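Below, chain A partners chain B and then partners chain C, in two separate complexes.
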Partner chain A sequence: MKLTKTLLGALAASTALAGAAAAQTEMKLWYHGAGNDVESGLLNTVIEEFNSAQSDYSVVVESFPQQSYNESVVASALAGNLPCILDVDGPVMPNWAWAGYLQPLPISQEAIEGHLDSTIGRYDDEIYSVGLWDAAVALYARQSTLDELGLRTPTLEEPWSKDELMAALDAAKASGNYDYALDLGTAWTGEWYPYAFSPFMQSFGGDIVDRSTYASADGVINSDEAIEFGEWWQSLFEEGYAPGTSQDPADRDVGFIEGKYAFSWNGNWAAAATLDAGVDDVVFLPAPDFGTGPKIGAGSWQFGVSSACETPEGAAAFVEHALQDKYMAAFSDGIGLIPGTKEAAQMTVKYADGGPLAVFFDLSEKQALVRPVTPGYVVAAKVFEKALADIANGADVADTLDAAADEIEKDIESNQGYGH
Partner chain B sequence: MSSKLTRSNKAGWLFAMPGFSLLFLFIIVPFFFAFYLSLTNQRLVSPNEAQFVGLENYRNLLSVAVVTLEPETDDAGQIVRDEDGEIEYPRVRTITRSDEFPQYRGMGEWFRWHWGDTAKVVIASDVLFMKALVNTLTFALFIVPLQGGGALLLALLINQKLRGINVFRTVYFMPVVISIVVISLLWRFIYSGNDGLLNNILEVLTLGAFTPIDWLGRTDTALGSIIAMSAWQGMGFHMVIWLAGLQAISPTLYEAAAIEGASKWQTFRYVTWPGLRNTAVLVLIVITMQSFAVFAQVDVMTNGGPLDSTQTLVFQTVERGYGKQDISGGATISVILFLMVLTISAVQGFLTRERK
Partner chain C sequence: MASVTSDNRGLRLATRYAVLVLVGFVFLFPLVFMVVSSLKPDQQLLADTSSIRAFLPVGDISLDNYVKAFERAPIGRFMMNSVFVTVVTVGASILLCSLAAFSFVFLEWKGRNILLTVIVATLIIPFETIAVPLLLFVSKLPWIGLDGLEIGWLNTYRVQIIPWMVDALTIFLFVQFFKDLPRELIEAARVEGASWLLIYRKIVMPLSGPVIATAAILKSLTMYNNQYLWPLIVVQDEAHRPVMVGLGYFFQLQIAWGEVMAYLTLISVPVIAFYLVLQRAFISSIASTGVKG
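== the complex of A and B ==
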């Protein structure tokens, strides 16, 4: 008897709830941050405030672990089951837009006024996604190391040249104080390789694909400049400046903090941990200039509207709501990302002028170059990663880059040019 | 006359139904689907309609050719040599990307050997697949005797009436129960080049004479390291199968052998081993089949590197199908793998059949 009553009660309650929500159109949002409590908490605040601020739409979030997020989206797209609002990684966005998973985001120009260019996902002259933050990479060093080795501190205006970088690595190696002079993070397989290392190649004058047509890679990824980059890349490992692809992931995380490495090529997300671990005199140096200007990667997670969404204007309203400075500042304080606007940066502890990480905002603004904006990037990135790992392990540079060019072109061909 | 299996056996079939339908749904249907996909150019993510391409995927994987490179000559007709006195050859790409040889287009060098002054280069349309194929076969070739033999040894050890023998049985079986991903991560630490456990132990044992090796970072040790670790991991499972076989041998045979004065070796050779015949066939076939599916260790420990020395077929299937969004290419590899395993198992079954 009691059970029936409880059931009836529950039924009545759920009907009442459904009744209240009927006025609002429900929009599902998929997010990549499952397992991160701080991040989920922040996102829930954004959603709750959006749902109570207007009466037309109500957003419901479903979180996935980042490792399997892309697979989940692809699988549900194939099954015709996409949510309304999708969280998408910057470089993957063109692939999803081309595949028809995403539709253009009808966002107003004012909402993105003054935002870091790298937080706005453009493809085919349309805006498909906008992010609340960006990430940036810098050369971590200790001021004491620079002083001891007698090195000039590079600045954004005057970064190190290739020779200065190599002189610094030589000095660090000769000092005998370190296991390795430079930690590149070769332990982090996957997107880290194209994100962190393709800007080196671009600074040399090469690139992954020809950005003017996106139809070929021959003569770009295996150009003379790219081969010069490859020779330099190989020398880092052959001459013992940097640990190779079998680097212990634990060393990647704490090697610099423990003083095993003099320099570390790492993202802003590791900065807070480094400061917290007591490395007080850490400095975040800009990328060296290898010839055509210093460059770092850009583009992080962004929000877009799926093609299955029947209320794109509602989705856009949500994205505009989320783009408020206070949320960007909150995400930045919570999980250490670079806020999307100058104003938001001023509201944060670490990225405000004079804050310990303010330099990352400037790096993002001055050196950032987005990864090739093409649906083919997803495959080209894989090819690039393998080529760099092989070169690091001693493969012939020209042959490897030639093979990479062939493979990328084969893929472009079998996709009928990716619609470019 | 209908067999016992189909006659008056409704309950039996009913009990088998859930298992059969799951097998059908998740093994048999996907296999035929994979076979169908391998005949198309289906992509994982694409707005383009998939087209039927016949056997092109198979051609793209399996094509192999041999080209001959003549040495570079200078104006005087002399063979050009580099500083080390090695003959210089034109680059293979002058052939594979030239319009003169459309049949070799897009192929790459697999390996080469020298024939007099000329170089014979074996080019393959998919060098990675070829390397993965060779590595997988090597893996299977070593893992079968290592794992099977090791498991038999363990089974003989724990097939004794000792106090606390169950502790040993549990310990040896433990690696089978732990997730292969966890084990791979642990072994990554053991094999670590700087101060990994293995290097430390070897240094202590040799009183410091041993120079640390980066086990997973060298082309000549990476595959071996994975083989050793995989053999250890799977040993416990086959130990249990061997143990079941050992315990099925009648004790009276051992008593008779003891009365006849047989030595330990003779007892093993003439009583134990013949009694284990069917078990041995089972273990052999199971290990062979499992070894062709090697994936997680590679994915966690080396990612196929260094220099493709640990690429395997299943790793390539996943890498292609999901990583590179070439689902038809991945499906083609799995069909080829299926045919290979089928053939090998059939041959093994034939060779180990009961001769009457």
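== the complex of A and C ==
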């Protein structure tokens, strides 16, 4: 009798569970992290806890390799095969919103209260995406190098000026201790160029496009300030301060650690590896101020809702669930990125006050400038990358930037102004 | 005088072999680098790239990268997918393209020369130009399977196989080879009352070993090594992903080069094995069709 009751109980429970599962509306989520088992494991935890915490929706993830993720999404949009929730890189989001791949994310204001501004994807006065983290770039140096060369340690409040930066590079070059004074990471191609180097141009006073209208690049990317930046950029290679575009990728990865470079312009994602490699006195210096204030790039991967999603409120519920501090802290501890809130940062090992990477949170908070928020950015970014590579290789600065302006203008024109 | 001639011949031979050995090394070095690097930790791998050590299995050698590679990606699944798609496509391609070529060479019908010219002309069209229209087409195609009628071929094996079963190069290879077969054999069989299908099966194909090998190797290289863009846009689930798309799993923010080399070594094994099995027939066919690989 007891056995019968137990069996009946188990049957009733499993029927109820099956019923609840059947009642849940399935929402597919596409993610860029295939191959990163730590990231995938963390995301799976977020999804499992969301699925079991409520009975209306069930999220199912499909992961893609990051390097081909955008192409897969664009192809699926063409084929009418988009999932409900999309992972989207911050600077690409306006293009996907403009192209109709995304719809506004109906997220509550409370859910994004206190988040780093760069983790919130705004376009056309709407929020389209929100991220759990951001990334930041800093000038890596050894404290011992600064001391040996007699250099002031710059701070967020008082970063190096252009003259101070050049004096530091001169001192490093004159010391004869390094293959090059500065590693800019020119071995990395693609989005690294606009992400890492356009803030230099912006600090000079130029930009990739005119942010007041997003309708033009002429007079901005080839302005006097932008040309001044281009000439400075070219001098770094011509005068032997930095390795050119043919930099060995191996040197980019380990050159600073091995002492080949005095300074390295690199992201927070490489900081833990640098510390682990035994560079105990590494310091992460803020971007120099070239005239209009120090600036670094911002905007990383974020969650958005596709236009094909029939349950945007469910997708928003998932995003709100994912934005909990405990998940942001877990992702930060797992994959080294900067948590989206100060509270989450305090829960981490590296980004809490006094932690070895805490400075990156402050950099994101105080120096971050998102890349131009326009659908045309995806084209302009490639034009910018080519222009900088050409200038590094000796092309005439003014002519190259004029040609870049023309190309971006043509793209804006051929897309009817991208709706701006 | 005779010894001078003999010495000259010896010298020429030695020079020729020296050049061939050098060329052989040039072709072999990337493979040696790949295999050797797959056995080294990243730090050592990167440090060795600037010296001859890059080609030598020295230092901290282990199979750790292979273990980590298997943990990072479902390599077995990717290889099975690629091998399956390649084998089926190559088999279907040899059958269909040889039949088409047989018709062009041996059957008399109006417009065959023009049609062959048009087919061969399609060789100059890059796949990238038709990828999007083809994607739109296959995403709306119906299919009757075990689950009944379905619309759309995305995320299936068939979408990776069927569009590649017939191609101009394979047809052209068969046409060139068939043209050199002795006509008398075909005519004699016709006089004896053999059907065209019987001639194809019993006479033409058994004589076509070299071109079949060539077509199989070229097609399998295309399907296994070069299939990237198409599966990237038509396959969104991991279960149907081929090896080349799977390579992307290893390109994270910090690239694990040792694992990349381990993955590349593993996925190269079927290709190298296949080529070694068919290489004699391949070389013979290249010589007879005048096609340069």
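Throughout what follows, the second predicted complex is superposed on the first by the 400 of 420 C-alpha atoms of A that agree within 3 Å, B and C clash if a C-alpha of one lies under 4 Å from a C-alpha of the other, contacts with A are read in each partner's own complex, and residues count from 1 in each chain.
Quick note on the criterion: a contact is a pair of C-beta atoms (placed from the backbone, for glycine too) under 8 Å apart; a residue touches a chain by one contact, two chains touch by 3 or more.
Source: prediction; values computed, not measured.
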When chain B and chain C are modelled together on chain A, clash or fit: clash
Which of chain B and chain C A:S306 touches, first, second, both or neither: neither
Superposed model, chain A: greater residue contact from chain B or chain C: B
Which of chain B and chain C A:S72 touches, first, second, both or neither: second
First (chain B), second (chain C), both or neither touched by A:N81: second
Touching partner for A:F64 - first (chain B), second (chain C), both, neither: second
Touching partner for A:N268 - first (chain B), second (chain C), both, neither: neither
Partner chain(s) touched by A:N36 [first = chain B, second = chain C, both, neither]: second
Touched partner set for A:V254, first chain B, second chain C, both or neither: second
Intersection of the chain A residues that touch chain B with those that touch chain C: 71, 248, 250
Residue numbers on chain C that touch chain A, as the complex places them: 42-43, 46-47, 49-50, 71-73, 132, 135-136, 139, 152, 154, 232-234, 236-238, 245-255
Residues of chain A touching chain B in the complex: 71, 74, 77, 95-96, 98-101, 179, 189, 244-246, 248-251, 378-379, 382, 386, 389-390, 393-395, 398-399, 402-403, 406, 410-411, 414-416, 419
Complex contact set, residues of chain A against chain C: 30, 34-37, 62-68, 71-72, 75-76, 78-81, 248, 250, 253-254, 258, 267, 269-270, 273
Complex interface listing, chain B residues touching chain A: 41, 43-48, 91, 93, 96-97, 106, 108-109, 127, 188-189, 192-194, 214, 216-217, 219, 302-308, 319, 322-326
